[in-house]
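Mind having a look at this structure? Questions to follow.
Naming follows writing order (A, B and C), and every chain is counted from residue 1.
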């Protein structure tokens, strides 16, 4: 249970908020690289409460600046892309890739130092990432997650519909290990859903659970009893807002990117091992949850139902946690500590990569091994 | 004319508000019983600003608990109905009909005393009623209104569309006796509307009006002059939010149930004397008022026009009352006094039934008798 | 750059706000006269944050009163028009053209002095105008703008769609002389748009610009260089919220009428010289801006893109003005001074006409003359 002030601190994403300041110290997924092309060189993206323009420069570079011109605030989306930058359609003020105002027509003196917010963009695995932190020179490396780097298969990016809720409740679900039993396992079996295959895997008695903090975030272990006692080591929650998960043969990343405090965009990236192929992207249709019948057909939809019904910004002063929520508590504490660090002027320490050697390819594995008898544990209840 | 604070006190319905506390001391109509079936055992209902789940238990009982699980606030609408209660789809916490948490999977210790808000439900005449007061043991009896109890005819329930306004302006209309002359009578005659038949009855010179407080609410008398001088005794406004009215051959009840401060749901129940039949329910289509041409075709639509154009929450600091509004003033005073009582920890005294003998069938009659010459009264004006 | 308080003062239009008080000292365009007819005698209009009813009286007069009855606030839109006024449909209270309550059925005593807000309406050139100032006796004359008075051509009124932004950013565009170069000229040429003809005229090097305060508002001069150096004298911005502009052969007026702080309605009136014809009116379809491709096809659409993307209420604390914005600064200062005057209880002095002799027909001309060499001026930049 959190106070309202604690909840605000963890959930708010806007410029100048403690939580927003932390999120800005991480590269955030912006959009599929394929959305920005010679034919459609401009795209408006709202992210962390800021309205940005991503555009392909005259030289093919991908740039990202604040959407609204610093002069009279017209949208640069309607501007003219020219060699050396973009020109506002209203009065022709021109800005280079760094946001510097390099031309002010109809003005006698050049006002030196006029500058729009501009953020560095990098592409990896077909996805664009932006760094919105205060000092790009202090930016960590863009982590080379295996799913984005591997070339031994076909990579697909899916842009999911906008979720009308805060990012944190989506991310908390990732460290909420035991939810798989009822939401995915029991649900699939009881309703005989298309998710039944993997659902059966989750529908085994859980004997114990464990979480450990690690350099990437939070590691998750689950011990199953029943006919085939096993220990499942899931890939860690990647701090602050990434899920890394195997989905059958596919290795997947889910980027949960805050649009603002009350909306979240998810980019799903999957690598299906096999013949290498060109990375493609697609849009997942937005199906309103409604009575849930359609949403229940997929794991994602099952999760979405609980994310969104927790409230637009889940009011954590109303929750009642148990021991099985220990991972959530650990993740929140990690998040609060990292927010505190940034507030003190320090750098975050979790899931940041600063040397190329460690960044060739960041691999995660999930593994299942037999559970030995001395690891046995039984809950009192059920 | 009320101050803003007075207006808030009378109109607010949420949990913990003085007005909301009073309304919670009365059984409120929840939904047609037929909406909860073996095939569709769960329904979300927003009422008095609270989100509730009504569900049919495994044993056929109808239960009503808060919609969101006390653990991590997922909606129980997606939960599993089991013997002994409902289980949340997220982590499997289970709650019995009283809202008590009876199972917490994956937890070593049973947390005693965990409890969801749960409210008793009763069925009468095909309609479900809920008691949301603080102590069900102190609940009055569910009043056995004649329209719900009579078996000498066919009973129909109509669920009207959601009205985008506060409940009180709808209910004030009920004690506003003289409005029938212009809104229904004059309107029907001048525009030659389908409501002309009953409209002509109302379109007679009103010589005087009177209201009296009674145990049920406010009694209304109207004296007509003209060719056929008559005294009309209408059924009382039933406190706090019910209208009882004859509609031609049909005897009707209108339950005006606050969804929240700014939305109201109306359940219409009509008993048409004749061969007994099974009670049925239907939904009235939602026709936006627009230019009113369609709404004007029915008495209900004529009323709706004035209810909704008074504002979302009618600002009573802007009104200018006259002597013909005396019934409204009396009703507001009664409402304020009953709110005060509940605030002092006392029970409400109006329209509450505590003994079965008085509750066999609560009948109301409307009657029209000749007006005698010595009852004559003429307004100065018109 | 303005402070938030300064911005509020200039942009707020509601009753009792300093800016709203100034706007109420000017006749404001209400709707085309043709919208009020014997067949459709009533129309609801929201203007300056007030909900008004315009109706054609029994005697053919056009009247304008507050929409909601002072008794119980039902909308008078559903009222009955009768000789001598309009009668509320709810309880029959009747109000004359001045808003005085002249009949209160079912009330013994006439309450003297009950009065609804009512505003004088005048018709000119097929458009209705309303004066919402505190004392109609102090109202200036309705200015007889040439476009509304001339009878040597065909006059057309176009009701544009509602703009989801404050009026002031639309009006500032009018005194923003240099925007024509990029937004209309460059845009038309670069994209080869249907606006190319007039677009080329604007797409000439601007050598200098000048603004002068005048009795009507702000005069605008622009000096073009290039192959055909010319001085263009545009008609003044008419204070506070009118644009007067030649559009090819058509002489046009644009009335930018605040609906409320965040919505603006524009009435376009054009006089095409030629055979006199009956004034007609039409509605311009509402095309969402979207990616702008459709909006860019017209000058109006090009302007709309920048008006609306500046924000719902353009936050002028975020702007960065240059020398070319001098006209805007002058206009804002004029607006602030006139607001101050009215706040001190004085009359506004700009664009007010008090004697018929000056009001026969108020003509404006735009003119282009050669630019002489000693008027030459070159900006450092570009």
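Following the convention adopted for this analysis, contacts are C-beta pairs under 8 Å (C-beta built on N, C-alpha and C of every residue); 3 or more make two chains touch, one makes a residue touch a chain.
It should be emphasised that the depicted structure is a prediction, and the values quoted were computed from it without experimental measurement.
Novice: Taking shared residue numbers divided by all residue numbers at the interface, is the value for chain B and chain C over half (same) or under half (different)?
Specialist: Different: fewer than half of the residue numbers at the chain B-chain C interface appear in both copies.
Novice: Superposing the C-alpha atoms of chain A on chain C takes a rotation of how many degrees, nearest 5?
Specialist: Here the rotation carrying chain A onto chain C measures out at 120 degrees.
Novice: Mind checking the centre-to-centre distance between chain B and chain C? Centres are C-alpha means, answer in whole Å.
Specialist: A distance of 47 Å separates the two centres.
Novice: Multi-chain contacts only, two chains or more: what residues does chain B have there?
Specialist: Answer for chain B, listing residues that touch two or more other chains: there are none.
Novice: State the interface residues of chain B toward chain C in the complex, per the touch definition above.
Specialist: It comes out as residues 176, 178-179, 181-183, 186-187, 190, 206, 209, 292, 296, 302, 305-306, 309-311, 314-315, 318-325, 379-382.
Novice: Which positions of chain C touch chain B when the two form their complex?
Specialist: Its residues touching chain B are 68, 70-75, 77-78, 80, 87-92, 103-111, 114.
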